[in-house]
Amino acid sequence: MSGKIKKIGVLTSGGDAPGMNAAIRSVVRTCAFHNIECIGIYRGYQGMIEGDFKEMGPRSVNNIVNKGGTILKSARSKEFMTPEGRKKAFDNLQKAGIDSLVVIGGDGSFTGGLVFNKEYGFPVIGIPGTIDNDIFGTSHTLGYDTALNTVVEAIDKIRDTASSHNRLFFVEVMGRDAGHIALNAGIGAGAEEILIPEEDLGLDRLLESLQKSKASGKSSSIVVIAEGDKMGKNVFELKDYVEENLPEYDVRVSVLGHMQRGGAPSCFDRVLASRLGVKAVESLIAGKSNYMAGLIKDEVVLTPLEQAVKGHSEIDRELLRVSDIMST
Amino acid sequence: MSGKIKKIGVLTSGGDAPGMNAAIRSVVRTCAFHNIECIGIYRGYQGMIEGDFKEMGPRSVNNIVNKGGTILKSARSKEFMTPEGRKKAFDNLQKAGIDSLVVIGGDGSFTGGLVFNKEYGFPVIGIPGTIDNDIFGTSHTLGYDTALNTVVEAIDKIRDTASSHNRLFFVEVMGRDAGHIALNAGIGAGAEEILIPEEDLGLDRLLESLQKSKASGKSSSIVVIAEGDKMGKNVFELKDYVEENLPEYDVRVSVLGHMQRGGAPSCFDRVLASRLGVKAVESLIAGKSNYMAGLIKDEVVLTPLEQAVKGHSEIDRELLRVSDIMST
Amino acid sequence: MSGKIKKIGVLTSGGDAPGMNAAIRSVVRTCAFHNIECIGIYRGYQGMIEGDFKEMGPRSVNNIVNKGGTILKSARSKEFMTPEGRKKAFDNLQKAGIDSLVVIGGDGSFTGGLVFNKEYGFPVIGIPGTIDNDIFGTSHTLGYDTALNTVVEAIDKIRDTASSHNRLFFVEVMGRDAGHIALNAGIGAGAEEILIPEEDLGLDRLLESLQKSKASGKSSSIVVIAEGDKMGKNVFELKDYVEENLPEYDVRVSVLGHMQRGGAPSCFDRVLASRLGVKAVESLIAGKSNYMAGLIKDEVVLTPLEQAVKGHSEIDRELLRVSDIMST
Amino acid sequence: MSGKIKKIGVLTSGGDAPGMNAAIRSVVRTCAFHNIECIGIYRGYQGMIEGDFKEMGPRSVNNIVNKGGTILKSARSKEFMTPEGRKKAFDNLQKAGIDSLVVIGGDGSFTGGLVFNKEYGFPVIGIPGTIDNDIFGTSHTLGYDTALNTVVEAIDKIRDTASSHNRLFFVEVMGRDAGHIALNAGIGAGAEEILIPEEDLGLDRLLESLQKSKASGKSSSIVVIAEGDKMGKNVFELKDYVEENLPEYDVRVSVLGHMQRGGAPSCFDRVLASRLGVKAVESLIAGKSNYMAGLIKDEVVLTPLEQAVKGHSEIDRELLRVSDIMST
């Protein structure tokens, strides 16, 4: 089968993440290394529908390994959710001679790829790119390690004020369905308490923990909260609740927001992106399709795309215990 | 008069700012250099009232030149606003043999120092420390240059997403009464439009500017908004207003928040802090009082504290024109 | 046996590494969590000999999780290599009631701990802390991930000049016996070629690779060289050799040096330090001794200290191939 | 005269510096704002000779305000030093309809522009771009503020090791003829002693200062040395000299090197670049020529190019005194 692959299309889809450019670069150069043509598809599936393609050689990806965002741009495409949209996309791929796809993105992007594969038998390999680390089949998604560093650096700055003023800060970080960022960055930033969607700590426990912290002589505290935390309150309501119940606290809120998605990728994300790009292209060459290339226990491995989409990326519960001990 | 000064008290007050520690270090070491004793007063005026003092020698301030926040901590003191509070403070200073004060802080802190001086004739020199740069008598307050870099670095990250997704971002930065941060960081970050308290751009002008920007072929835009912007809407209302009137835009909001106050000071802030600390102590030695040490046209100069408090730090209006041209 | 442990001594030894402070904090707080006393030993084994001890409670390690270096300081101790030195150390530990040790450091530090254990039966657990990642029994040593980020950030800056001037840069990074930093940071920084001690690329291959790179249209290049590279030439001789043989090249050299050892630890290093500190203390409590706590395939595990010292941490040879493909 | 200017050429020349891209962007957009054409000239004067030109509109300079290096590339041109080279350059400019030049660079670049102007009467405005800050007629050159921050951040990292190991570090920074970087970054980094070309401190004074420092209880020290320091020894010889004379010291050397030239520009450099670009273009429009746009006492002003080349940028000697006091 390996003779079949001649021209690979590569696209980024969904929310952008640091390391996407490094992955594009890796896909493009691995293609060149194996004498396969490579076409960049702009704005994800929407660009497929509109035929927004550009030939890419090894020099097209110079000096991007360290850039955040994605030079291929990203977009969410409603039209690709319709059979008509996918038909247009398929026609464009055929016209351009593209015979296989590397999709860099998250769950939604992979689902799109799966449907497309089912309808048209088009070979697809996914590379997990999202800061949320919420994809089954990889211990790390591209951008996650970078986002952790961005978050701890921001909280380090907030801590300067917290400890200068003996204050309590609630810091909201990204993670609508997954507490990976909150849990790891919370430990990294020395947070007093960490609230994540996977674990309903309960409001009483939070109050108790803050009281214990004050009693233990801590003069300032940081609580890290995942945006998807399931305690039924958003971060501003939480502030009100705490101030009502613990009037000795003057709580400040900081929502870190979109800066978590950007910035130069960490070395880890750049190396991971390079490895996954090689694996994706070489898997297509080897005739494999409908897989995601990911990292499991430090090894680059393939997981069926269907599993990647259906499975759930669990947090490491031992870290909850570590966090507890660290806030002694 | 110079013979009189024997023991200087130093405190930080109001919101913390990067460079405060470098200023404390400078005050302490300049005292040591001139064989004057130096006492650190914790938690601003509140610590004066509570007698929270600590002797400081040159080794007490090792390795703090690069630390954000303030090792002397800061607090707002309601009690110091009462004559009784100030009486307690004065008694504590007398008991400790402190005969003059260096106050590192902003407007409010200087007003406290002035009142105290009027009541007790206590020599006070101020050093302007606040990220907002809203103090008359100095072109730069401590922390301002650092905050500008923090803001442009954060917006650089947001720009990765903005340009990957062709999106419009509203970024709110600090500056309740002064647009210095918004104006300078806005130009530095390449903002499309900058909204500041000093200038009511008007909602129509904003819409017009965004339309012009799209027409000129820009695919993504950043609008920087000072928290104190006077357009009568907060940043979230502004988003709604723009989305209603320009439905082609999908606006995202990011409120940078407290991280702007922290972080390792820039080289500029460290050098400025060192210079102002020397000036403050040597001015007290020279028998001067009730002044603020500041930077005007690259020179360290003294401004009467009363003027510093009453005067207004104007933005450089030429920068508005530069910003306009840059968004061509 | 678990009843026996009552007072743990913790020290840092050998070259400092980012994350050592986070590990100290974790050891101290895990002790407090389990109601065990904890004593900080200053300046490594030398401090043990001199009895330079300090009691540490959970508040002694506030606000250090994000600090580079080690608050316990480090030193190399010749005296500890003598039986007399170790006798003094043992006597001091006994006098202080310390009954077990956590040693944070590298190979040499662990060897010291082993000898000490053999002579006095003193329970020791090691935590691997060194930027070089050259310790068997852990995929990551503390400080390694941080150093990788420091190196790629520095090379990103050098790349600005390289590509502005179409120049070739040789960048020397740390790693006397191990190419981990060079290999990973080289891929992360998009290096043209990577020279490491584990692999004698040969001078001809280097020239060939540079010529190929020029032919492929690259206008600037970065070559990353581990300080312990075995090609028989140091980085300056290598520059001369290349300029002699490829006169079209004007080579610049940059030796990154000691800044690679410092800086705020990455989130990864902080979390790893927290996990290893918990494991170290809880292993001592569980009666285990003479192990190193490390990370293997994302799990925290124990490796006999003897193996950790004798074994060799291999580079991932697949990365050599990835590097080759990436420089297409 | 203002009617005459129709097409401005812009080039970067000499060593690259952060902020050059922001200045290019400003020149290009100011041209667009005033409906003047703008041509980018690649690789400085060499590109003028080779006719390496490219039309630039406001969208050609999107997303470069925050990038180090120069998108127009830089080179040193021996050919431009000959009348024949300059003749070719002039012919190319004429052919392309370019009627005036903005030269972004340092002393050498301005000298080239002056000679060219004398021979061909070609209008030239200079913008000072070099990290060394060694140009008369401006308090700050583009890239200088960024380089200061790069240096203090690097030394902050080195300090982690210095204070963990109680060691003495000699850190060499850029500045062949000017001690601006060493002096300011030295104060910013809390250096014990600062050696600069403008001031022959003398070897005895250095030894004395180190001894005093040890006596005062400092356990670690940083000495910052400008590469052009005139003490007759390079940094490695200095290390040997100190170790010979003060055997209690174990000196480490770090040469920061080329990373000082790169990186994202600071906010200050971006704003300054924007302002100087506006001034340069508007000065040409106003019929002015042979000036450099610079910053003096916070104001953007013009200095005759001849003076800029001949004059000398003095260090602020008061800073030497501040440095002395700070190392108490």
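By written order: A, B, C and D. Residues from 1 in each chain.
Here is the rule we go by: a residue touches a chain if its C-beta (ideal position, glycine included) is under 8 Å from a C-beta of that chain, and two chains touch if they have at least 3 such contacts.
Computed from a predicted model, the values in this text were never measured in an experiment.
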Could you pull out the chain whose C-alpha mean position is farthest off from that of subunit C? B
Taking the mean of the C-alpha atoms as each chain's centre, how many Å separate subunit A from subunit C? 28
Report the inter-centroid distance (CA atoms only) between subunit B and subunit C in whole Å. 39
Roughly how far is subunit A from subunit B, centre to centre by C-alpha average, rounded to an integer in Å? 36
Going by the contact rule already set, what residues in subunit B reach two or more other chains? 156, 159, 163
Pairwise chain contacts under the document criterion: A-B, A-C, B-D, C-D
Interface with subunit A, subunit C side, in the complex: residues 25-26, 29-30, 32-33, 58-59, 62-63, 65-66, 139, 145, 148-149, 151-153, 156, 159, 163, 184-185, 187-190, 216-218, 264, 266-268, 270-271, 274-275, 278, 297-298, 300, 318-319, 321-322, 325-328
Which residues, counting only subunit B, touch subunit A once they are in their complex? 12, 15-16, 18, 67-70, 73-75, 150, 154-161, 163-166, 169, 252-263
